[in-house]
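Presented sequentially are two complexes of chain A, the first with chain B as partner and the second with chain C.
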Partner chain A sequence: MLNLSGVTRRYGETVALEDLNLIVPDDTYMSLLGASGAGKTTLLRLIAGFEEPNAGQISLNGERLDGKAPHRRDIGFVFQNFALFPHLTVQENVEFGLKYRETGACADPKELTERAADALQLVGLDGFGHRGVGEISGGQKQRVALARTLVTEPRIVLLDEPLGALDANLRNRMCDELRAIRERLRVSFLHVTGSETEALTMGDTVAVLSDGRIVQADGSTELFTRPHNPAAARHLNAWNLLEGTAWAGALDTSAGMLPLSRPLAEGAAAQIALRFDQLGVSDLDAVPGGRSHFTARYVTGEFNGPTALSFFRAPDGALIQVVDHLGDPRLPELTEGRSYALHYAPGDALLFEGAST
Partner chain B sequence: MTTVTTDMPDTTETSPAAAREANERRRALMLLSPGLLWMILFMVLPMLMVIYVSFWTQTTFAVNDTLTTASWERFLSSATYLGAIGTTLRIWAIVLVATLVVGYPVALFIGLFVKNQTVQTALLVACVIPFWTSFLIRVIAWRPMLGTEGAINTILMNLGLINEPLTFLLFSEFSVLVGMTQIYCVFMVGPITFMISRIDESTIEAARDLGASFGTIFRRIVLPLSMPGVIVGAIFVSVMVLGEFATAASLSGRKVNLLGNIIVSQVGSLKWAFAAVAGVVLTIIITAVITLALRVVDLRKEM
Partner chain C sequence: MNTNLLKPGLAAYTGLFLLFLYGPLIVLAILSFQGPNGGPQFPVQEWSTYWYQHLFGATDTSRVSQLPVGESLLRSLVLAFMTTVVSTVLGVMSAEAFRVRFKGSGPAFYLIILGMMVPGVLVGLGMALLSNFIGVSRAWWGTAFVLHVVYTYPFAFLVMLAIFNRFDRTVEEASLSLGVSPAQTFRRVTFPIIFPGVLSAMLFSFTLSYDEFSRTLFTIGRELTLPLSIYGTFSVEIYPNLFAFGVLTTVFSFTLLVVYGLLMKRFTAVKSGSYKGQEEAA
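Here is the complex of A and B:
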């Protein structure tokens, strides 16, 4: 179990991570979701030991890691740009850690070859050992980087946007393979990504990093359906957030007065979150009974294949998105520039107290 | 078969692709020609001329173009001249090793430990500051440093470490080695720094993450990746040291005779054929050294 408590990292005046707490359990695939510049890479570099935190503790299975040299931490790091050794062959790259580690180096050439071959087989690169790293494709480089890390049997594997440099097709295949490989090795993976789909697909658990803190860490379904705060909801790219102030038992938002699911003090700031796929659209005078609604003007639509995204503007200009599934359409025929009623089941709306930041 | 018309262009006309290729070849030739012309006029032709002159007949005060191998026989049978070859090779080898030993750590520091590019450049510029003054000044400046009443001897005597001045410091092979190492070190530092600073920081971090200590990383990653820089630096230093004469002339008190010194003195006494022989021998040695260096690392692959 990897345990980070109160970890803070500053660069001069800039705070990259502040009082961050995170637990990565054993034998888990955890993805770490954050916007670019949120400090995801910094977090991994702190765990691997390339940088030290200004405050806080990092421990692995009860043993303190911070302050230890990176080559004594026994943690695997898969770099975003692969960082293969350009002057060595694929085989030599994979053998590097086994052969040259400070403690427990393997000197037996037969064992080295065998273990490297096993690792290459694990990532599906049988027979590529003799190639130079300049002679293989991006996806293959990614696999070599993974094999090179896995062969040393690290206690936890950190993957820094491992699929970022791959094309979409390859990305989907690597997703499945990464999960399969991890399940075979029974070691924890901490996978950093900026893409919410990748995070939700890959992770048994997804942690959302925002403004230098972990704002929520939960199972993917739990996180997607019940984000605990506006920051988590925003990172999922599936929730409309409407902010406003409580007034006369409702929330006065940019889209109008919306009912509150629980009473708030008069004048308190709050946000209502409405999921893209839980909003229905109807003509202004045909709102189905039992559903709350507000008015917005239809701007344009975007066709994404199996789903279609429709964009609306609330009276004050806030952008509202609605997702429709092609196989099971809910939306009527929409005309650009016309106003519609956007309705939802009151129970689907989430209420977050406090002003947006 | 009767008239079959196709859309294929007439074969007698050049296709657009061929025209473009011809165009590009012409441009390449245009870019190449000034350099090529310069090299032919001022390097290839004089080289051939030197080889030719080395077979001329040398009398005391004149040369004539009757071909003979007399100069070659005299050169190759003279202990003095063969000794000069030996001295040249010995000094070259020692200076090469010394510049590497002094220069590599400096390059390692600038290339690997200085992260800021501006500071990197500033440090490299600092390395060439001695070149802002003339070669002769740089060489002669060693005299007040190394002389019997020079700075080093004075300091050592004042410290009570020695009773009488060390005489081997100046006008000896030692002073030539010190002078040459100082002057040519920067040519070693530059190329090595360049190669080291090109090493991707993350490959070093990756090696560290895989459990390698700094020493291992240096041996297995940094050193092999900087080898092209070492070779380029070695070629620079070799070419300059092998053709050297001024440092030896002013710091050795004429005790050290390099091939370069022989050429200078022979030209001075108008022994053209003989100077040409020494010149050809020197060129052969330099060519051999460069060939050897290029054998060690395939620069085309690395650069």
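Here is the complex of A and C:
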């Protein structure tokens, strides 16, 4: 179990991570979701020991990690740019750690070759050992990087946007393979990504990093359907956030008065979150019974294949998105520039107290 | 300008430039095949390799004494070699240090660079005065050697700085994360990758030291290096044996360049064949 408590990292005046707490359980695939510049890479570099925190503790299975030299931490790291050794062949790349590591180096050339071959087989690169690293494709490089790390049997593997440099098709395929490989090895993976779909697909658990802290860490379904705070909701890219002030038992938002699911003090700031796919659209005078609604102007639509996104503007200019599924369309024909009623089941709306930041 | 004329124009210009650049060398090479009775100027009276034989003492007694370059050549080579080793090691080490910003890195940088900026004659003179003052006798392996290092080290340093500038640090971090110690990481990862740069730094140091003149002039002591002993022969009279010697050293330099080129090719071409073909959906 990897345990980070109170970890803080500053660069001069800028705070990258502040009082961050995170637990990565054993034998888990955890993905870490954060916008670019949120400090995801910094977090991994602190765990790997390439940088040291200004405050806080990092421990693995109760053993203190911070302050230890990176090569004594026994933590695997897969880089976004693969970072293969350009002067070595694929086989030599994989053997490298086993051969030259400070403790537990493997001196027997036969065992070395065998273990490297096993690792290459694990990632599906049988018979590629003799190639130079310049002679293989991006996806293959990623596998070599993975094999090179896994062969040394690290206690936990950190993956820094490992699929970022691959094209979309390959990315999907690698997602499945990464999960399968991890399940066979029973070692924890901590996978950093900026893509919410990748995070949700890959992670048994997804942690959301925002403003230098972990704002929520939960199972992917739980996280997606019940984000605990606006920051988590925003990162999922599936929730509309409307902010306002509580007044007379409702929330006074830019889109009008919306009912509150629980009573708030008069004048308290709060946000209502509405999921893209739980909003319905109808003409202003035809709102289905039992549903709350507000008015917004249709701006434009975006066709994404199996889903279609429609963009609306609330009176104050806030952007509202609605997802429609092509196989099961719910939306009527929409005309650009016209106002419609956006309606939802009151139970689907989430209420977050406090003003937005 | 008409683009049809641009290319031939540039070609002619380049040709002239090269001719100008190598003209002196060509003249030297032609005159080195002067006959035994010819002088160091045109016309060439008869074609012969007399002066080459003269150089190695293979001719009968001659009115011209043999060029006194044997020992000084050896001395120059040893000095250049020593300088190369020390400057390159220093250059690599300090460039490695400059990969991270440290306190006083700015002044340190300019102090190093100063070694190649200051006028050689002045440094040489200063060194001579200093060695007199503190009572150290001047010698090619002492005072001159130190100045050669001071002069060539900035070049090696700058070459390595450029190399490290393009160096991808993540490969070193990858090695560390595999449990390999920093020392082994330098030996197994960093050094092999920067080796072409090290070769270039060595070439710079060697050639600069090998024909260094002004700094050496005041600091050499009694035993001379090659450029100085050649300069010494000017005060008597110039014979074509000097040209023959010039041709031979040029050939030697070319050999050195070829070796450098071959090593460079070997260490950069290795395993860096590029991936050709479609991204396989493997």
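Just so it is clear, the second predicted complex is superposed on the first by the 357 of 357 C-alpha atoms of A that agree within 3 Å, B and C clash if a C-alpha of one lies under 4 Å from a C-alpha of the other, contacts with A are read in each partner's own complex, and residues count from 1 in each chain.
Here is the rule we use: contacts are C-beta pairs under 8 Å (C-beta built on N, C-alpha and C of every residue); 3 or more make two chains touch, one makes a residue touch a chain.
Every value quoted in this text rests on a predicted model; they were computed, and no experiment measured them.
*Asks:* Once both complexes are superposed via chain A, do chain B and chain C end up clashing or fitting?
*Replies:* Result for chain B and chain C: clash.
*Asks:* Go through the superposed model and pick first if A:Val215 touches only chain B, second if only chain C, both, or neither.
*Replies:* neither
*Asks:* If we overlay the two complexes on their shared chain A, which of chain B and chain C does A:His71 touch? Say first, second, both or neither.
*Replies:* both
*Asks:* Of the two partners chain B and chain C, indicate the one touching more residues belonging to chain A.
*Replies:* Looking at chain B versus chain C, the one contacting more residues of chain A is C.
*Asks:* With both complexes overlaid on chain A, does A:Ala116 touch chain B (first), chain C (second), both or neither?
*Replies:* In the superposition, A:Ala116 touches no partner, neither chain B nor chain C.
*Asks:* Using the touch definition from the top, say if A:Thr149 reaches chain B (first), chain C (second), both or neither.
*Replies:* both
*Asks:* Going by the contact rule set out at the top, does A:Ala48 touch chain B (first), chain C (second), both, or neither?
*Replies:* It touches chain B and chain C both.
*Asks:* Between chain B (first) and chain C (second), which does A:Asn81 come into contact with in this model arrangement: first, second, both, or neither?
*Replies:* In the superposed model, A:Asn81 contacts both chain B and chain C.
*Asks:* Residues on chain A in contact with chain B in one complex and with chain C in the other?
*Replies:* Of chain A, residues 48, 50, 69-72, 74-77, 79, 81, 83-87, 96-97, 100-103, 145, 148-149, 152 contact chain B in one complex and chain C in the other.
*Asks:* Which residues of chain B touch chain A in their complex?
*Replies:* 200, 202-203, 205-213, 216, 220-221, 224-225
*Asks:* If you look only at chain A, which of its residues touch chain B in the complex?
*Replies:* For this pair, the touching residues of chain A are 48, 50, 69-72, 74-77, 79, 81, 83-87, 96-97, 100-103, 145, 148-149, 152.
*Asks:* Any idea which chain A residues touch chain C in the complex?
*Replies:* Contacts found on chain A: 48-50, 69-77, 79, 81, 83-89, 96-97, 100-104, 124-125, 132-140, 145, 148-149, 152, 154, 167, 169-170, 173.
*Asks:* Considering only the defined contacts, which chain C positions touch chain A in the complex?
*Replies:* 168, 170-171, 173-182, 184-185, 188-189, 192-193, 270-275, 277, 279-282
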